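Note that subunit A is present in both complexes that follow, paired respectively with subunit B and with subunit C.
Here is the complex of A and B:
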């Protein structure tokens, strides 16, 4: 870790980098940004923006459940609850009984409310309000390694299963005729999204996590003609807004997460405006 | 053009005229959703090298039957695939050409990306394999679609998309090809080309085809076997036989 810190001090031209917490935050952005950029491509393709939003909100319930059950590390209860929630939503979506945005909305508000009810018991909610906006400056090296680990898993999953994931997102019937394990791949993907969301929600925050998942991919769509450009732009936009947002938040003394979202959103509008010139 | 096709066919050894000895038997197929019966007691017998066309009014269960064969909706009854030479049961490979794709404008997927995703594991998000692109181009050229390789899928016309979907369904060559005839976004020329391609497949490949059709004019020109469906099979036989049946007159007037 010290070598990495040393290299960063040599490479980065900002004076704030002498603080260790800033170095950690910087490294966190370098992991979270490409990770979100990558996942966002399929989330946007599959029109799952609402789904990932609900998943973020379910973190509150996961934390509340952990506290009720007396779990020492609420991170674990959040993780387990997130995975179950994602699988349940997926199952209901595929049963086709109700339109999926309605189902998701119902589950999202229900789980948020349960979480808030339990966490606010005794007027203590302010203790947990950090979860809403996140605090990337408080991340520690062991947590960085956890994020790095899930990033590597995601890359492996992308390498092994991306084609199937993409094929299913284009047409389930066609994927079935090619004998792809549609349900398995679909479930693995939502579990992966759930794990990533739950591991990063403390640093990014419930209110803005979805923006970071969706915006880079949505901007990339405006400029790309194929899947490779889509991934490249999405990851680049994500890293760009992550780093610029972090640096600006330090100089302007504002919260880092929301600043990153503001930049990502501005990027989106820019790509929307230049789209007619890029794509004829 | 023809020379090129021949070389491709030789290269991949996919030119194998129908032997007429493979048959697909569907026994008592039924599909119900909740308590509602969508189709019931459907018995069909289909041979390779033949084009079987499903006709019927809207909501008669034509698409449901296709979905049942694909395994997309659960069904009762059995589907058998037999080689008549030794009566052995074989694994049925099914190809499917959907009517259209529900793809949003502005989706960053090229024809290469879509094709490669269905037939290969080389991740299309990281790199474009030249070898794979060659193979895809060859497959596309059988249906006169090779120039579409780098086009965005959402920008294709109805006819172009149909040809791309046909080549995906035929790579590798299936035993049974299920086709949903395009209804919109396709002009007269596109329709002619679609049926010409189907005829080409019928003559040159060892496969059976089931087509859901809405255009009786083309049916009478190209079908070997017509099946009139309304929840169950009402009439089947040659186009002339079916068109002359009283069930046909009741439904199509």
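Here is the complex of A and C:
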């Protein structure tokens, strides 16, 4: 870890990089941002924005379940609950009984309410309110490695299954006719999103995690004409807003997570404005 | 085509960077003017900041900062900002209140190196958090009294000690230590002494000044305490309901009996069942006063409307002006409000 710190100090001769917590946060942004940019592309394509939002909110219930069961590390209960939640939501969504936005809304509000009911027992919700906004500055090296690990898994998954994933997002029936394991790939993808969301929610926060997933990809979609551009721009925007947001929050004394989202949102509006000139 | 797009993307990013740079140079943080030899003492929350500021008053080369300067409510839901982290990194001494008041620091504190942490609650006994008496066993006032006293626990011996099922070291939702010790003037004096002693050990050169300041400040607090001791003697047979954990200590100072304590945060509300139960209890005991903090007093006002009791808004001294005598002023105001209860007491 010290070698990495040393390299960062050499490469980035700025005032803020002197502090270990800024180095950790910087590294976290460098891992989380491309990860979110990547996942966001498919989430936006598949119109799953609301889905990932619901997933973020279920973190509250995961944490509450962990506390009820007396799990020492609520991160584990959040992770398990997130995965189950994503799979169940996906199953009901595909059963086609109720329209998907209704199902998601029901799940989202239900899980948020359960979480709030349990966590606010005895008027102690404030203990957990940190989860709402997140705190990227308190990330530690072991947690960074955990994020790096899931980042690598995501890259591998992308390498192996992206074409299938893309085919499914274009047309499910087409993918089925090509004998692709549609349900499996789809479930794997939502599990991956669930794991990424649950592992990073403590740093990013429930209220803004979805913005980070959606905004870079949405901005990239405004400009790109093919999948390659789409990915490249999404990751670029994601990293850019992450770093700029972090640096701005340092100098202007504002919370880092929301600042990153503000930058990402402004990028989205800018790309929306220049879109007519690019896509002729 | 792709190249054009890429250049547009980079142009956008460049514009954003330039605007940000402008913002930073216009509104950005100016570095704190501290010379290298200065000792930086960071106080975690307002009450300990007031102690530290008083102790370091007139001491050269010591710089006192309040970590949670912008805090308005209780410290339980505070979030460290980048600036706070920075301040902690540059600090030589960190003075904390203790008693789980600084949960927001725990994560960061592990990473701090070269900072000496001074716990002002060393050797001071805590009341247990959310101690509350139930309807069934509160009909007998003596029994009730006993319970309140047994909630008094010594910090050092509390590892094994349990109070009616409440373990102070258990971090479960319902049971935590009540850390607002500064609202009891006697405990506050002990805090002053503890911080002065710790500062004197670390910064031996100024030890005498710290001790002299401590003596002066403790005297001031003691005078205030004594002044109201007689005036408030009548309050001892008064029963109150508290809407903030902090006021347990204020009641503890002058032995005011607490019938029930409701700990409310800005985010949580009383459930209908709790409210009804509380209203019955209040009526049964004919409780005349509710002690609440202005910011979170809505429930108290609501209940008062139901039962005809009066709400008294006290200051938990979790935030306030940056003045040396801020504690004494706020405390005097609290005591005056209590004194008014006595006067109007039927």
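The rule we apply is simple: the second predicted complex is superposed on the first by the 280 of 280 C-alpha atoms of A that agree within 3 Å, B and C clash if a C-alpha of one lies under 4 Å from a C-alpha of the other, contacts with A are read in each partner's own complex, and residues count from 1 in each chain.
The definition used in the following text is that a contact is a pair of C-beta atoms (placed from the backbone, for glycine too) under 8 Å apart; a residue touches a chain by one contact, two chains touch by 3 or more.
Every value quoted in this text rests on a predicted model; they were computed, and no experiment measured them.
K.L.:
Evaluate whether subunit B and subunit C can sit on subunit A together after superposition, giving fit or clash.
P.N.:
After superposition on subunit A, which the two structures share, subunit B sits beside subunit C with no clash.
K.L.:
Subunit A residues in contact: does subunit B have more, or subunit C?
P.N.:
Subunit A has more residues touched by C than by the other partner.
K.L.:
Figure out whether A:278 sits in contact with subunit B (first) or subunit C (second), or with both, or with neither.
P.N.:
second
K.L.:
When the two structures are overlaid on chain A, which partner does A:146 contact: first (subunit B), second (subunit C), both, or neither?
P.N.:
A:146: touches no partner chain.
K.L.:
For A:267, decide between first (touching subunit B), second (touching subunit C), both and neither.
P.N.:
A:267: touches subunit C, not subunit B.
K.L.:
Return first, second, both or neither, reflecting whether A:138 touches subunit B, subunit C, both chains, or no partner chain.
P.N.:
In the superposed model, A:138 contacts subunit C only, not subunit B.
K.L.:
Could you say whether A:20 touches subunit B, subunit C, both of them, or neither, answering first, second, both or neither?
P.N.:
second
K.L.:
Once the structures are superposed on A, label A:252 by its partner contacts, choosing first (subunit B), second (subunit C), both or neither.
P.N.:
Once the two structures are laid over each other on A, A:252 reaches subunit C alone.
K.L.:
So, A:225: does it touch subunit B (first), subunit C (second), both, or neither?
P.N.:
A:225: touches subunit B and subunit C.
K.L.:
Write the angle, vertex at the C-alpha centre of subunit A, between the C-alpha centres of subunit B and subunit C, to the nearest 10 degrees.
P.N.:
160
K.L.:
For A:94, select first, second, both or neither according to whether it touches subunit B, subunit C, the two together, or no partner.
P.N.:
Neither partner.
K.L.:
If you've got the overlay open, could you tell me the nearest Cα approach between subunit B and subunit C in whole angstrom?
P.N.:
12
K.L.:
Could you list which residues of subunit A make contact with subunit B in one structure and with subunit C in the other?
P.N.:
224-225, 229
K.L.:
Touching residues of subunit A toward subunit C in the complex: what are they?
P.N.:
19-22, 67, 119-127, 129-130, 133, 135, 137-138, 140, 223-225, 229, 233, 236-237, 240, 244, 247-256, 263, 266-267, 270-271, 274, 277-278
K.L.:
Along subunit A, where are the residues that touch subunit B in the complex?
P.N.:
Checking each residue of subunit A against subunit B gives 41, 45, 158-160, 162-164, 166-167, 170-178, 220-222, 224-231.
K.L.:
Show which residues of subunit B lie in contact with subunit A when the two form their complex.
P.N.:
The touching residues are 67, 70-72, 94-96, 98, 101-103, 106-110, 112-114, 116-128, 150, 152-153, 165, 168-169, 178.
K.L.:
Within their complex, state which residues of subunit C touch subunit A.
P.N.:
So the residues of subunit C in touch with subunit A come to 1-2, 4-5, 8-9, 12-13, 15-17, 20, 23-24, 27-29, 74, 76-77, 79-83, 85-86, 89, 103-104, 107-108, 111, 130, 172-174, 262-268.
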